[in-house]
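Structures given as structure tokens follow.
Each of the next two complexes has subunit A plus one more chain, namely subunit B in the first and subunit C in the second.
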Partner chain A sequence: MVAIMFFILSLITIGGALGTVIARNAYSSALWMITSFLGVSGLFVMLNAPFIAMLQIIVYAGAIAVLILFVMMLMDRRVLENKDRFNPQYLWGAIFGAGLLADLLALALKFKIDISQAGKNLTINGSNTKMVGDVLFKHYLFPFEMVAIVLLVALVGAIVLSKDDEKEAR
Partner chain B sequence: MLVEYMIVSFLLFAIGAVGVMIRRNFLIMLMSLELMLNGAGMILIVMSYYLGNVSGQVMFIFVAAVAASETAVGLAIAIMMYKRKGSIDINDFSVLKK
Partner chain C sequence: MMIVIWGLVKFVALMLIVSVYVLFMTWFDRKVLARMQNRIGPQLVGFHGLLQPLADTIKSFWKEDIIPTRSYRVMFWLAPIITITTAFAAAFVVPFAPPIKTASGVFHFSVAHINEAMLFVFAFLGLSSFGVLYAGIASGGSKYPFIGAQREGAQMVSYEIILALSLLNPILMSQSLNFEQIVAAQTHHLWFVFYQPVAFLTFLISMFAVSAKVPFDLPEAESEICCGHFVEYSGLKMGLYPFAQYVVVLVMSAIMVLAFLGGWTGPFWSGGFIPGLIWYWIKIAFFIFLFTWAWGTFPRYRYDQLMDIGWKVLLPISVLNIFWTGFALTAGLPFF
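Moving on to the complex of A and B:
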């Protein structure tokens, strides 16, 4: 049963990723990306991480996808639908990606860790969210604040980059 | 099951990398970057499960925050490109080559 669920969810994930890269239209590419994110979120539920799975749906499949689709809405449809999907040097890119994949697969097949602790220590009183919050605010408080500053800087940077500079244009 | 999970996340990463390298549309390159980040985050969750340590899930929260800020800046750059040239084809932006 678990193996069947894993097969279905990984098929959704990998199929969505392939659709993102191959799709001709940018809109269908974004929808394939959402499909892939939902598959990954299902895999997270299988890995005893329900809080992260919900975060994945909210942040990736919700916020980021809507942001990208919103920017597409602002642009001309003919700009988004190019005649040529791929770069002229796409073959080199594909060969490089295949080499990267082969390298990573060799790593995965050789990888040995002690998995006697698998699936343990992930909950407090049966709640994964409590455990994540406990570790986040006891051991990772400083990185948490740093991430808040990164988000603030990205917000300011995005506003500065995309604001109208009509004075310079004239 | 560990090897299967690792293979899925590496496939996600590699497909995203190929998408960044071969597509011409800047927005689709951004989406492929998201796929790469998601593959890297997924290996964190897999290791968190198999090592019985919840730190990997905390790291995923940081990865998600960085991915969100990266998308915001990338989309601002895409809007600026569109305003300047009326195109988001990456081959129209080779100013530094000349």
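Moving on to the complex of A and C:
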């Protein structure tokens, strides 16, 4: 039962990722990407991490994918449709991906991963929302604040770079 | 195995109840709007037009299904399906009645009783905007759906933040993401609306914006972009968009009642004569009526006004309100 669920979810995740890369149309590519995110969040649920699973949907599928789609809607539709499926650097990407796959396969063979254990939850039982909060805001408060400041700097930087200087423009 | 069977039973029950609710909401909306405009409304089919929604449904089955030639076909099919699925998925974790204590444990009246219910609702309400966005894209360069979809995208992204920020206050006060525990926290205190009037108001405003109902119904503004994202849709596929919107209205009203108005607890003076179930649905029905009321009485905001209200007024207020709540909770102010 659990193993079947695991394989369905991994199929959704991998299929979605594959679809993102090979879809001809940029819009359907985005839809495949959302499918992949949903699969990943399902895997998180299976790992007894519902908090992270929900954040995965809210942040990646709900916010980032909407922004990507939004940017695509602001572009000219005909430009998007006539784009090539791959850019000229695809060979390097393919080599890198093949290397990663070989690496993971080698690891799987070395550690003799047992397929019959697929999908079994080996983590601590129970809700982890409180745990995440405790760890984040008690032990790692300083790195957390640093990340917040870095993101703020990026935000301000984006506004400064993209804003027209009104005096120069007119 | 029992949990799977019960899950399926609850799932089917939820689908049936919500579908019937949507059917009669269309009747209710038309009657209330007609009353506000000094008309009669549906009257001929059945008693006071009560069978009108059934007649409309049967009619929409026989409508010609037109798909524009330039549309992306698969996406055009998928868009309404995504909208309706995510709207129903958001309703999965909402309890539809107070939990019952049985011999073998507590029986919950939500399809999935999870601890992160609040986040689950956010996640799937956020996803429901994709149906609208893809409706605009798939309509094949048709202008009005495209404008409507863009508006929906921008509106959802901005108002989901305010929705989440205003719900953070009840979450902080009850220290839980579970609806039943949030309600339980309100039985020890007063209802959260008395502690959090500002969060209540920001939630009320963003509730209308997220479900794209009248003061903020810019994605489908009939009078300017003639129904926006579903201009190109016809027949049943078109019907799915208002359907999903009614489901979202129900979910939002239920969250409002659960988070701010004490769920199934009556007011402190009621003394428990009326069962919790009835209190719960009276409150939900009031908020559903509020949506219709606003529909009949409010003019539509302009798009820039919508964005100004969201980012320049509601967002700073909700952030300050969270600071206040955090301060009040750590300082241990009376009543907190």
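The rule is simple: the second predicted complex is superposed on the first by the 137 of 170 C-alpha atoms of A that agree within 3 Å, B and C clash if a C-alpha of one lies under 4 Å from a C-alpha of the other, contacts with A are read in each partner's own complex, and residues count from 1 in each chain.
The rule is simple: a contact is a pair of C-beta atoms (placed from the backbone, for glycine too) under 8 Å apart; a residue touches a chain by one contact, two chains touch by 3 or more.
Keep in mind it's a predicted model, so treat the numbers as computed, not measured.
The superposed arrangement places subunit B and subunit C next to each other on subunit A without a clash. Judged by the touch definition given at the top, the superposed model places A:51 against both subunit B and subunit C. After overlaying the two complexes on the shared chain, residue contacts for A:73 are found with subunit C alone; subunit B is out of touch. Legend: residue contacts after superposition of the two complexes on their common chain; A:62 is shown touching subunit C, with no touch to subunit B.
In the superposition on chain A, A:135 contacts subunit B only, with no contact to subunit C. When the two complexes are superposed, the chain touching more residues of subunit A, out of subunit B and subunit C, is B. Once the two complexes are overlaid on the shared chain, A:31 sits against subunit C while remaining clear of subunit B. Residue contacts after overlaying the shared chain place A:162 against subunit B, while subunit C stays out of touching range.
When the two complexes are overlaid on their common chain A, residue A:17 makes contact with subunit B while staying clear of subunit C.
When the two structures are aligned on their common chain, the gap between the nearest CA atoms of subunit B and subunit C comes to 14 Å. Judged by the document's definition of touching, subunit A residues 51, 55, 63, 67, 74 lie at the interface with subunit B and also at the interface with subunit C.
Note for the complex: subunit B touches subunit A at residues 1-8, 10-19, 21-25, 27-28, 30-32, 34-35, 38, 42, 45-46, 48-55, 57-58, 60-62, 64-73, 75-80, 82, 86-91.
Every residue of subunit C that touches subunit A in the complex is listed here, in rising order: 72, 74-75, 78, 114-116, 119-120, 122-124, 126-127, 129-130, 133-134, 136-138, 141, 146, 149-150, 153-154, 156-157, 160, 177.
Only residues 25, 27-28, 31, 34, 50-51, 54-55, 57-58, 61-63, 65-67, 69-70, 73-74, 77, 127, 129 of subunit A touch subunit C when the two sit together in their complex.
On subunit A, the positions that touch subunit B within their shared complex are 2, 6, 10, 13-14, 17-18, 20-21, 26, 29-30, 33, 36-37, 40, 43-44, 47-49, 51-52, 55-56, 59-60, 63-64, 67-68, 71-72, 74-76, 79-80, 82, 84-87, 90, 92-94, 96-98, 100-101, 104-105, 107-109, 111, 113-115, 117-122, 128, 131-132, 135-136, 139-140, 143-144, 147, 150-151, 153-155, 157-159, 161-162.
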